[in-house]
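Down below are the structures I want you to see.
Heads up, the next two complexes both have chain A, just with different partners, chain B and then chain C.
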Partner chain A sequence: MDFYLGVDIGSVSSNFVLMGSQGEIYKKVYLRTEGNPVRAISTGYSILKKDLTQNQQIKGVGTTGSGRLLAAVMLGADVVKNEITAHAVAASNLYPEVRTIIEIGGQDSKLILLKHGIVHDFAMNTVCAAGTGSFLDQQAARLGVPIEQFGDKALDSSGPVRIAGRCGVFAESDMIHKQQMGYPLEDIVMGSCEALARNYLNNVGKGKKIEEPLVFQGGVAANRGIRKAFEKILGMQVMVPEHHDVMGAIGAAYLAGEVIVHNRQITNFKGDDFVLQGKFSSVSRECNGCANMCEVVCIRRDGEALAYWGDRCKKWENSLQPSSRKTAGEILAI
Partner chain B sequence: MKITFPHMGNMQIAIKALFKELKIETIPPPPVSQRTLELGVKYSPEFACLPLKVNVGNFIEALELGADTIIMAGGWGPCRFGYYAQIERDILNDLGFTFDMVILEAPESRITDLLNQLRLIGEKVSLWQMGKAVNFAWHKLKAVDYWEKCYERYLGPALDKQAVNDLYSRGLQQIDEADCKREVTRRLQKLETEIEQIPRHNKPVLNIGLVGEVYTILEPGTNYNIIRQLGELNVIISRSIYMSDWVNDHLLKGKLIKSNHQHIINCAEPYLNHWVGGHGQETIGYAVDFARQKYDGLIQIGPLTCMPEIVAQSILGKVSTEQGIPCMTMYFDEHSGSAGINTRLEAFIDMLNRKQCQQLMSEGGF
Partner chain C sequence: MIRVGIPHGLFYYYYYPWWKTFFNHLGAEVVCSNPTTRLTVDQGVGTAVDEICFPLKVYFGHVLELKRYALDWIFIPRMVSVEHRSYICPKFMGLPDMIRASIPDLPPIIDITVDVSQSDRILKRDLLQLGKLFTPRESKIREAIKRAREEQKFCDTLAGQGYTREEAIQLWEGKATHSFQTSILNLGVLGHGYSLYDSVINMNLINRLRNMGCRLWFPESLDEDEVERAATAIPKRVFWTLGRKMVGSAIYLSKQPEIDGIIYLACFGCGPDSLIGEIIERQIGDKPYMLLTVDEHSGETGMITRLEAFCDMLLRRKNHIYEDNLSTHGQYADCHKGTI
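Take a look at the complex of A and B:
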């Protein structure tokens, strides 16, 4: 049996899926990146790999997320795509009629509007992370509610309190104030869910026309409180797909399949030995070649440089031997 | 006297030429770097917009190199830019630097007023010499603009992006080093033939209009070199503003060349009928103009908290729907990770490409 591997390396979580050629999800892994994407990629891959037998092969690899270049270099990707496209592809394969996708991740939140299955318009949060998962994570920790139970706690609320969602810092002080006033915890939790939903619609939505069918995905979609808040504010039915937490990775796997089948191409996948045996490290240093002083990152495997990025003049990117050379531009052009 | 000035794209080429003709020594600030930004951020008010911070960084670095006179443009209207020079002077004075500051204000009536302002800087310079120097600098400015336009047009379709990038920097240096008008023109013609001959790919190429705040558009150091990034994603870029336009409209009140400014202002109707400071009205005007020319998309850029661009942004949505052109807005501030910018640009380009594909298919192109 053949599989396509989809990898989504985000700021907070790293997701991996093995997808069959009919789009069925064979296995998924959801890990916390914990600031170490190199480790997350090798751990994630080894967990995913564990139950595969000899005749089950990976036919294609797609990567997405902010760590997509890194994952592409470490695994050997056939397609490297931004999160918007990956999420849109995953959702429209699952729900061909979908018009709106709300995706809330660790540091990014996105709104994707589709027409006839392709992205028509999109928006991402610009400078503030108030409406994202990191904020919820932090508040859950502060309130002593495990993040997994945060949403269910919110559902217990009968009358949510009003929390200002304009800014993460203001929201937090609002929550502390409400706590000290003696409001029940579940009402404060639900209040913060509604604040996040409102903030998302103001900050990311910015008056864009949200139409049904509407899909809610990303790590935060696990939070039933947020889902309820969106349903209440929008007055629409909000669908949460079964694998909502790994939709980016699913999209990447679909795109990999598309490229491999369409171009009748053999995968660039580097294989188990390369990924699991080697010791990967990333080194960053300031280049003193000119006044730009770019922070250049080098990805190494057992001391051998695989890729460079971060240099504006591309001196380092181009310094690798042409055979093994993979510049960011080339990786993206796949 | 050693003159310095703030960076704004490749403006320095023309300024250097101007003062060289006037036999005045210039010390241009080092190119905008991380250090420039760090210095600027450290000594500027936190809520000021990015251009001010970059200016302050430029000045500190140039004063460190021994400059003693700063030339800065003035301004007017609701945009904070009009107050930049004064604020910058105070900041630098507080830091203990000693220097003179000359603020060039747009003349209310005649162009000779500006020439006189400039003449005060130099010593024993006749008005005629002054005119000659301005003429040469203006010629270089136009040459640089032309070369930038070539770069924006040929980078997207080029097969080997690095070759175009290298040729572009080499070309700028050649224009910079040319010492008379005829030499500038000769070199520019040669460069253009060279860039035309760079092999092209046969992938789809998109046309995108870049609109927004002038400094962010002109200075690659503040926009993460967005033009190069887009070119590498196979995009041909047209900017709403070039340096000669800015100098002509801002410093010379449109007196030097006949510009299309009035046409653009007319285009902004009925969406934005009033001047809102900065280039807010121009942003809308160009958006409509680009849409009518059937561009594939628009990107609006500006520094975070830029008031005129915020006004324009809130109107762009309507322009986008009614004129049928996809728009994306990006604000820039001190922010070292370029991942978010790459993702947004890539996603926008991807969206336009997929749209184009679908349109071709529905028209029976395949």
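Take a look at the complex of A and C:
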């Protein structure tokens, strides 16, 4: 049996899925990136790999997320896509009629509007990350509620308190204030969920027409309090897919499948030995070649440079031998 | 020879050929600072006052660079208005004073006021006076103004051929520049020229889009009369020169079927942008539109993700529309078919 590997390396979590050629999810892995995407990629792959038998092969690899280039170099990707396209592809395969996707991840939140299964418009959070996973993580830790139970705690609330959600810093001080005033914890938690949903709709959803069917995905979709808050504010049914936490990776796997099937090409996947045997490291330094002072990143495997990026003049990118060269430009080529 | 320094920023992008020709003809050597780098940005941001917009801060960096050269004058015009009944953002009015207050020990600043909102009588008088710094002969100054106008017009024509203003200036100075390749998308790209054509301020926006296979249309690429006509579509005339051109360009582009989408580059902290970006969004109907906001923040991931997603969206949309007439299955990896 053949599989497509989808990888989504995000700021907070790194997700991996093995998908069959009919779109069925064979295995998924959800890891915390913990600031070390290189380690997350090898760990994630080795966990996935455990269940594969000899005659089960990876036919294609797709990567997405802010660490998509890194994952592409370490694994050998056939397609490297931005998160918006990946999420839209995953959702529209699962729900062909979907019109709106709310995606809230570790540091990003996105709103994707679709027509006939195709992205029609999108928006991303700009300067403010209030209402994303990082903020919830921090609040859960501060209140001593495990993040997994944070949403359920909110559901116990009978009368949520009003929390100012315009800004994460203000939201926190408002929450502390309400705690000191003696409001019950679950009402404060639900209040924060509603504040975040309002903040999302006012910032990311500003001026956009949200229509049903509506899908809520990304790590924060696990939080049932936020889901309930969206349903309450929008007056719509909010669907959360079973694999909501790895939808980006699912989209990447779909896209890999399309490229492989359409181009009838053999995967660039580097294989187990390359991924698991070698020691990957990334080094970054400021290039002193000119006054631009680019922060150049070098990805190495056992000391051998695999890729460079971050240099405006492409001096470093082009310094690699053409055979092993994998420039960001090539990887990102549409 | 008298040396005049011109910072490589702000209205450099619009009027450098004019200024350079004028000073050259009067016998002065023109020294322009180098294109913006990270160093220019860091120094500018470190020196400028907090409240001004990003391109103004970068301009401070250029002045600091010029300070290192042995110059007799630095040319920092006080731009108030460059056409009848229209104005430049008021921050430009205070620019020479801000520079003087923040950067000590500069060579003397030529801060001629450019204000033709009512008439160009005073500007003409001041130009003659300025010319007298270099030559006593009034006829020579008049000739310099005439030449400057001609060169500016020539450079504007170059800019109309799909080049950015920076590229047009390079061409005008006789340097080779970018050649265009085939394109898969046609995009309108708008913004204040001093942000849009500076590859550090715009985070390499122009090159990124071209490398992704986009043909770009700037306000200068369009017919000026059409742009002005389109700009009258909104009830109240926009009184900023650059803002009006952008509104007009956006409305005009939105009516062109071959244009796939419009990108507006705004600066965080720019007053006019906060209005113009919004006005455009409301005026252009269904044409795909994306507003990108930049500031001194240097992380490029957010920019790259948005550009890729925008181009992906346009390509997939295009493919979908064609699907009704001819089969292009899989041409752009069609993804809504259920199975692979």
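The criterion applied here is as follows: the second predicted complex is superposed on the first by the 333 of 334 C-alpha atoms of A that agree within 3 Å, B and C clash if a C-alpha of one lies under 4 Å from a C-alpha of the other, contacts with A are read in each partner's own complex, and residues count from 1 in each chain.
The rule is short, and it goes like this: a residue touches a chain if its C-beta (ideal position, glycine included) is under 8 Å from a C-beta of that chain, and two chains touch if they have at least 3 such contacts.
Quick caveat, the model's predicted, so the values are computed rather than measured.
J.: Please determine, from the superposition on chain A, whether chain B and chain C clash or fit.
T.: Overlaying the two complexes on chain A (C-alpha atoms) leaves chain C and chain B clashing.
J.: Would you sort A:226 into first (chain B), second (chain C), both or neither based on which partner it touches?
T.: neither
J.: Does the superposition put A:257 against chain B (first), chain C (second), both, or neither?
T.: second
J.: Now for A:121: first (chain B), second (chain C), both, or neither, which partner does it touch?
T.: The answer is both, since A:121 touches chain B and chain C.
J.: State whether chain B or chain C is in contact with more residues of chain A in the superposed arrangement.
T.: C
J.: Just to be sure I read the superposition right, which of the two partners does A:21 touch: chain B = first, chain C = second, or both, or neither?
T.: Only chain C; A:21 stays clear of chain B.
J.: Would you check which partner chain A:81 touches, where first means chain B only, second means chain C only, and both and neither mean what they say?
T.: In the superposition, A:81 contacts both chain B and chain C.
J.: Contact-wise, after the overlay, does A:136 reach chain B, chain C, both or neither (first, second, both, neither)?
T.: Neither partner.
J.: Taking the stated contact definition, name every residue in chain A that is touched by chain B in one complex and by chain C in the other, in rising order.
T.: 66, 81-85, 116, 118-122, 124, 126-127, 207, 290-294, 312, 329, 332
J.: Quick one: which bits of chain A touch chain C in the complex? Just the residue numbers, please.
T.: Going through chain A, the ones touching chain C are 4, 21-23, 66, 79, 81-85, 89, 92-93, 96, 116-122, 124, 126-127, 207, 254-255, 257-259, 261-262, 290-294, 312, 329, 332, 334.
J.: For chain A, which residues are in contact with chain B within the complex?
T.: 66, 81-85, 108, 116, 118-122, 124, 126-127, 206-208, 290-295, 312, 314, 318, 329, 332
J.: Using the touch rule from the top, collect the residues of chain B that touch chain A in their complex.
T.: 30-31, 33-36, 161-162, 165, 225, 232-233, 304, 317, 326, 330-331, 333, 336, 339-340, 342-344, 346-348, 350-351, 354-355, 358
J.: Name, in rising order, each residue of chain C that touches chain A in their complex.
T.: Of all residues in chain C, those touching chain A are 34, 37-40, 184, 200, 204, 211-213, 268, 281, 288, 293, 301-302, 304-306, 308-313, 315-317, 320, 330, 333-336, 338-340.
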